[in-house]
Structure formats: structure tokens, C-alpha cells
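Naming follows writing order (A, B, C, D, E, F, G, H, I, J, K and L), and every chain is counted from residue 1.
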Amino acid sequence: MPIVKIIELIGESPNSWDEAMKNLITEAQQTLRGITRIGVREMDVRLVDDRVDVYRVRAEVSFRVIRS
Amino acid sequence: MPIVKIIELIGESPNSWDEAMKNLITEAQQTLRGITRIGVREMDVRLVDDRVDVYRVRAEVSFRVIRS
Amino acid sequence: MPIVKIIELIGESPNSWDEAMKNLITEAQQTLRGITRIGVREMDVRLVDDRVDVYRVRAEVSFRVIRS
Amino acid sequence: MPIVKIIELIGESPNSWDEAMKNLITEAQQTLRGITRIGVREMDVRLVDDRVDVYRVRAEVSFRVIRS
Amino acid sequence: MPIVKIIELIGESPNSWDEAMKNLITEAQQTLRGITRIGVREMDVRLVDDRVDVYRVRAEVSFRVIRS
Amino acid sequence: MPIVKIIELIGESPNSWDEAMKNLITEAQQTLRGITRIGVREMDVRLVDDRVDVYRVRAEVSFRVIRS
Amino acid sequence: MPIVKIIELIGESPNSWDEAMKNLITEAQQTLRGITRIGVREMDVRLVDDRVDVYRVRAEVSFRVIRS
Amino acid sequence: MPIVKIIELIGESPNSWDEAMKNLITEAQQTLRGITRIGVREMDVRLVDDRVDVYRVRAEVSFRVIRS
Amino acid sequence: MPIVKIIELIGESPNSWDEAMKNLITEAQQTLRGITRIGVREMDVRLVDDRVDVYRVRAEVSFRVIRS
Amino acid sequence: MPIVKIIELIGESPNSWDEAMKNLITEAQQTLRGITRIGVREMDVRLVDDRVDVYRVRAEVSFRVIRS
Amino acid sequence: MPIVKIIELIGESPNSWDEAMKNLITEAQQTLRGITRIGVREMDVRLVDDRVDVYRVRAEVSFRVIRS
Amino acid sequence: MPIVKIIELIGESPNSWDEAMKNLITEAQQTLRGITRIGVREMDVRLVDDRVDVYRVRAEVSFRVIRS
């Protein structure tokens, strides 16, 4: 019987949350097979020296684990 | 005295959350009059065969009910 | 010892949440120095006469307070 | 077998939360039969031009649905 | 574009939560088409005269709305 | 060293939440000494045969316990 | 005026949550009169030496207190 | 572009929550212009020497900030 | 010093939540040693073509990690 | 079958949260047998006349009840 | 009538949460009169280059505002 | 593009939460590179035979993942 595992990741981008999410999806797909859902849990912006440094999206990633 | 009713909908798009939200608003406006607020409650992405299938926005829709 | 203070703001835009967030950041930077983080807490849309009136983003803003 | 359905309403009054709740109950009873519970979820006041405009009570209404 | 709607129901049974959930599913399917998910939100037991009267399951039901 | 204990009660009244709260306070004071705080956690109304049956206030009651 | 009191219990069973809940109800009824509701708050399983040791159900129990 | 700021206040009264809320509104209006919403977050009662000392309402106050 | 790690899994079954939980426990025990607790976080049912497709239990699994 | 009961206490100390927690544990052990867990729910400090008056720890205490 | 205001601060220390909290209290007392309560909301540690950089305590500070 | 991963651990000590947290940090640093934050989620004490057995701190650990 397959099972679903859920992990949490934070995607980042210097430009926008859209790009941060795209980076998160790209990274997740390079290391995980069988992803079924990515759910946003938090969005924030970090600033350094009064300038936006990075957009961040924290998300939970669900994927099927098939034991061979 | 008018009253406000609140329902929950999920808007979907194969392309982005922005479009998912626009679809949700369009659909809500075609069946409901007097909408005053649409508040986001959850955003996620569903994947099929390791590809993004659909962007989803779950939102609560408030609208005035006028009984005649 | 410096300390961090956290306040809550709502940014608005007639066009999109992206622009609402940009307005929030711009306004926050004009009155506050040393901002380190802006975290989204709520996103909604207000409608008037069955049309979208304003996109709103509620966020918490953290900034360092340096007493001289 | 009967089933219970739960919906959310906002009652309003220019004078008080008590009256807002009474309006909510009156309206709910005119359109629904078999209400068993009304539970408060949120209370707020809206102001316009620096004056109280409306007291609001958001509540969930449970009622039995009897299919004939 | 189809849209998903979410409503809340309470299923009941004098015997068990399993049966309460089965009643909820049966009832939901008789009035709704296109159900995609039923998520449990609360489980409780009501007692009358020191005996178990009814097992209750509160759940949210998601279903696709197709406008013709 | 004295310690504070916290218990939960529901006060009821056929007429209003104000009276339900007053009943809760009166009852709590008849069995407990040293109450320091009563905090509201939930307010609802129960209906029977389409009429309001009882107003209910659920609250947590904190009181000092002095062991002799 | 009667009042309702709410306490929290954890029922246990080596076999199932159903049995854990039955044990909780049985125990509660042996020491309390006038129980009106038992609401589930948490369900878990404890393991010892890689075997299931006990199924646990944490629930809140509401009961009427009649002072004579 | 104007922005909305949100602060938290606690209003108090020796007599009732209604009066505590009225005091909170009065005080808020004397120091803030452009208030749009006051939302209740918590209601409690403090007791001293087994008597009710003060009714308290904690609320969040939203107001428009217009920079000149 | 040993440490405890917590991960999240979703167990599934076409027949019941009981079986979904049993599948989750079985799978977890085949890949992890030293499990101490499995706590339920969410239960739902997914439907396809108006039929129940799968019962799902989402749970957090705690287990001791012994570094050699 | 033994059952577990959960109560809430607040421990206090004029010096630190550590001492407040130690006081809570000491007090709990003098009146309860079979305590299995004490879980922190809230930590705060109360001040009087601009000085720290008391450190407080609110915690839930679980203990086994053995009926004879 | 005096009113209570609540703000949020983060205290920091390179050594411990105890010291972070002490810094927070010291700073708060230098700019605010009439503080009545400081409640912890979050505790974390930030690391840089695999070393602990700063202990942080986020807390809400309540203080009386006396208008002259 | 680097990504941040978040996992949950429980640190333990027979003596104090401070030591439990230190154990957690030490263990995390021995298996993970690039830790940026450790945030407390829960603190409790477990007792055996009416004595404190272990202090526990549950925390989420964020660390950068660099794919080569």
C-alpha cells in the first residue's frame, strides 16, 4: 500500500512571491517523485538595510512514497 | 433589516492563483448579488504525474440578502 | 541593546494584492527605519455595487528601535 | 435520517450587539425551520466619518433538514 | 469554468460515529452531485438521562458546481 | 505558596447572555473562594421548537487555592 | 439555577479508539451524574518496543451540577 | 496612498462589558481620526476580594493614516 | 543523548479510517525504529464519480533517533 | 480500567519562570498522585507600580485516576 | 477613564532567553509607564554560520494610558 | 537556487528545559549544516512514579539545503 509523506519547505526569490513559489516547486520536483499537493502556510518579506532582500513562501509538500 | 450571508468557494486555474481568484470572483458574481467581501482562507497547488495541474484559492464570500 | 517592535498595517490597491503589498511596503519605509520583516496575515477583496473596490493585504511589520 | 446543516450569517444593528443578534435570530427564523443552535463567532463595530455606523455579530446557525 | 463549493453538515447516529459518518455521506449524496471531499471537523456524543443519545460527526463537504 | 486553579463552566439563562453570565458568576462564588478572573470562551443560543430556549456563556474561572 | 461544568479526560484501550472512548464514557458515568456531552479533542496511539501499547482519546465532558 | 493601521486596546468598566466597550470607543476616538473598525478579541471579568472589580473588553482598532 | 524526530504521514484505505490508520502504522514501522507516538491530525474522505474513493488519516509520527 | 484526568494550574514566583514551574510541580504533587505530564500553555509576567511583581506559568497537568 | 494599550516587542540576547526577556523588560520600562503585563508569544533562536547568533523572545506588553 | 527545509525535533533532559534545548541544538548541528532558526513549539515535563523523569522541548528547525 503506498503512503503519503508531508514535508515543509521555504522557497525564496529576490523579486516576488510568484517566483519564490516557482523556485520551491522546481526544487521540490528535482528531489521528490509523486508530489500531489503544495499548500501555502506563510508568506513574508525579509529586508536588509531598508531594502527588500528576499520574498519567502513557506509551504507543505505532500508526495507518495512507493516502497519497492 | 437586511442580513449578510457567508459561503465558502474554491476557485481554480491551470495557470496561477491570480487567475484562480479571478475565476472565483467571476463565478460568485454570476450567481450572487450584493457581495461585500471575499477573504482568502487557503491557497494550494495540485499536481498530477509530476506536473502542476491546478492552482486553487479557497475563500469566504460575504453578500447581503434582501428579502422582498 | 536594540529591540524589535512589531506593528500591523493594511495596504490597499484598486488593482491587485501585489500592488497593495507594494503600497504597504512603500508607506512603511517612509515612516520607519530598520524594518527587518513584513509577514502577511490576511488577504481580502472589498466590493461596492457588485464591483471590486479594493484589494487589501494585512501584514505585521517588524523593525529595530534604536534609542539614542 | 434527518441531518443538520450549518450556515454563517452576520446580523447588524445601528444601536447595539444585542439588537444585531436579535435581528440575526429573527431573519434566520423567517427562512429556516428547525434551528437548534446559533453560536457567536465574531463581534465588531464599523465606523463611518468617525461615528459608529453599525454593530455586527457573525454567527453560525445549525438547523435540521428534513427531506420529504 | 467549474467552481467548488464547501458546506458544513452534521451526521448523526444512535449507535456509532462510523454510522453517523455513513448517514452524512448518504444524505449528502442524495442532494449534491460532484462531491470531491468530506473532511471531519468535530466528533461528539450527546447524552440524555445519563444515556448516550446520539453520536455526531460535523464535516465539511466540497462539491463541484456546474452552471449550465 | 498559593497556586491558581482554572476550571470551565457554562452559565445559562432563558433571557440573555448578560443574565447567563450573572448566573455563572453567582454560582461560581457560592462554591469557590478567591476567584481572580472569569474569561469568556464561547457564547451561543439553543433553540427548541423554533423558539429560543436558553442563552449560554462558556467561561474559564481562575481562583487561588490556599492549602492549610 | 443549575450550571454546567466541563472537565477533560483521556480514555485508553490496548485495542482501539472505539474501546478507548467506551472506557472513557463508562468511567465518566460512574462518577458523574447529568452528563450532556462528550466532545473529542485528540486521538493518538502510544507505542512501546515498536508495538502499539495503547489507543488514547482525549475528550471534554460537560455535566450539569445541581446544588442541593 | 492612505494606509490602515491596527492597534490593540483594552476598555474597562466597573459595571458591564457594554460600558467597557463604550469607554474603549470614546477613548479611541479622542486620540485617533479615521477609525473604520473595532473588533472584539477577548472579554473577561477581574475580581478582587470575591467581588467583581472590573469588566474588560480587548479589541483591535483599525484606522486610516493620512500622511500630509 | 537520543533525540525524538516528528514526521507527518497520510495513511489511506478504500474501506475505512480504521484500515487507513492500520496501513499508516504498518508502513511507518517498516521504515522507522523506535516509534513512540502517532497522533491524528486530520481525517477525510475523497470521492470520485460520486463514490467514496479513499479514506485518509493524516498523522504525526514521533520516533527516537539513535546516532551510533 | 484506569483513566487520565487533565486539570489546569498557574504556578507563580516573584523571581523567575523556573521557580514558578517548580512551585507548580511541588503543589501539584502534594495533592495529586499518578501525575504523568505537565505541559506549558502560557508564560507571562505581571507588574505593579512599574516593577515585576510575579512570574506566572499556566500549565495542564495529566494524572491517572484509580477508582478503588 | 484610563485605558490599556497592548504592543508587541521582540527582546534579544546572544546568551539566553532569560537575558532576552530581561532586555525586553528593561527596554519596555524605559519608554513606557504603567506596564501591567508582559506575555510571551514566541521563543526562537537564530543561527549564523552554524553558530547560535541570538536568542529571541516575542512578547505582548500591556500598559495603562493616562490622558492628562 | 538554495531552498530552506523545516523539520521537527524534541530535545530531552532529566534536569531542565535549558539543557533539553541545548541537547536539541547540539544534536541538530551534528547532522545538519546551514541551520538558520530553531523555534520552540511546545514545552512539557514527563513524570514516572511521581517523580520528574524528563524535560522536553519540541521545536522546528529550519536549514538551507544546497544541492550540488
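The criterion applied here is as follows: a contact is a pair of C-beta atoms (placed from the backbone, for glycine too) under 8 Å apart; a residue touches a chain by one contact, two chains touch by 3 or more.
Computed from a predicted model, the values in this text were never measured in an experiment.
> So which chains count as neighbours of both chain E and chain L?
I
> Hey, which one of A-I, B-E or D-H is the same interface as D-F, over half the contact pairs lining up?
Looking at which residue pairs coincide with D-F, the repeat is D-H.
> Just curious, how far off is chain J from chain E if you go by their C-alpha centres, in Å?
Distance between chain centres: 39 Å.
> Using CA atom averages as chain centres, what separation in Å is found between chain A and chain F?
45
> Find the geometric centre of each of chain G and chain J from their Cα atoms only, then give the gap between the two centres in Å, rounded to an integer.
It comes to 22 Å between the two C-alpha centres.
> Could you list the positions in chain I whose residues touch two or more of the other chains?
7 - these are the residues of chain I that touch more than one other chain.
> What are all the touching pairs of chains?
Going through each pair of chains, those in contact are A-B, A-C, A-I, A-L, B-C, B-D, B-E, C-H, C-K, D-E, D-F, D-H, E-G, E-I, F-G, F-H, F-J, G-I, G-J, H-K, I-L, J-K, J-L, K-L.
> Could you pull out which chain D residues touch chain E in their complex?
Against chain E, the touching part of chain D is residues 1-7, 62, 65, 67.
> Per the contact definition, I'd like the list of chain G residues that touch chain J in the complex.
Result: residues 7-13, 23-24, 26-27, 30-31, 56, 58 of chain G touch chain J.
> With touch defined as at the start, can you tell me which chain D residues reach chain F in the complex?
Residue list for chain D touching chain F: 18, 21, 25, 29, 33-40.
> Help me check something: in the complex, which residues belonging to chain D touch chain H?
16, 42-48, 50, 52
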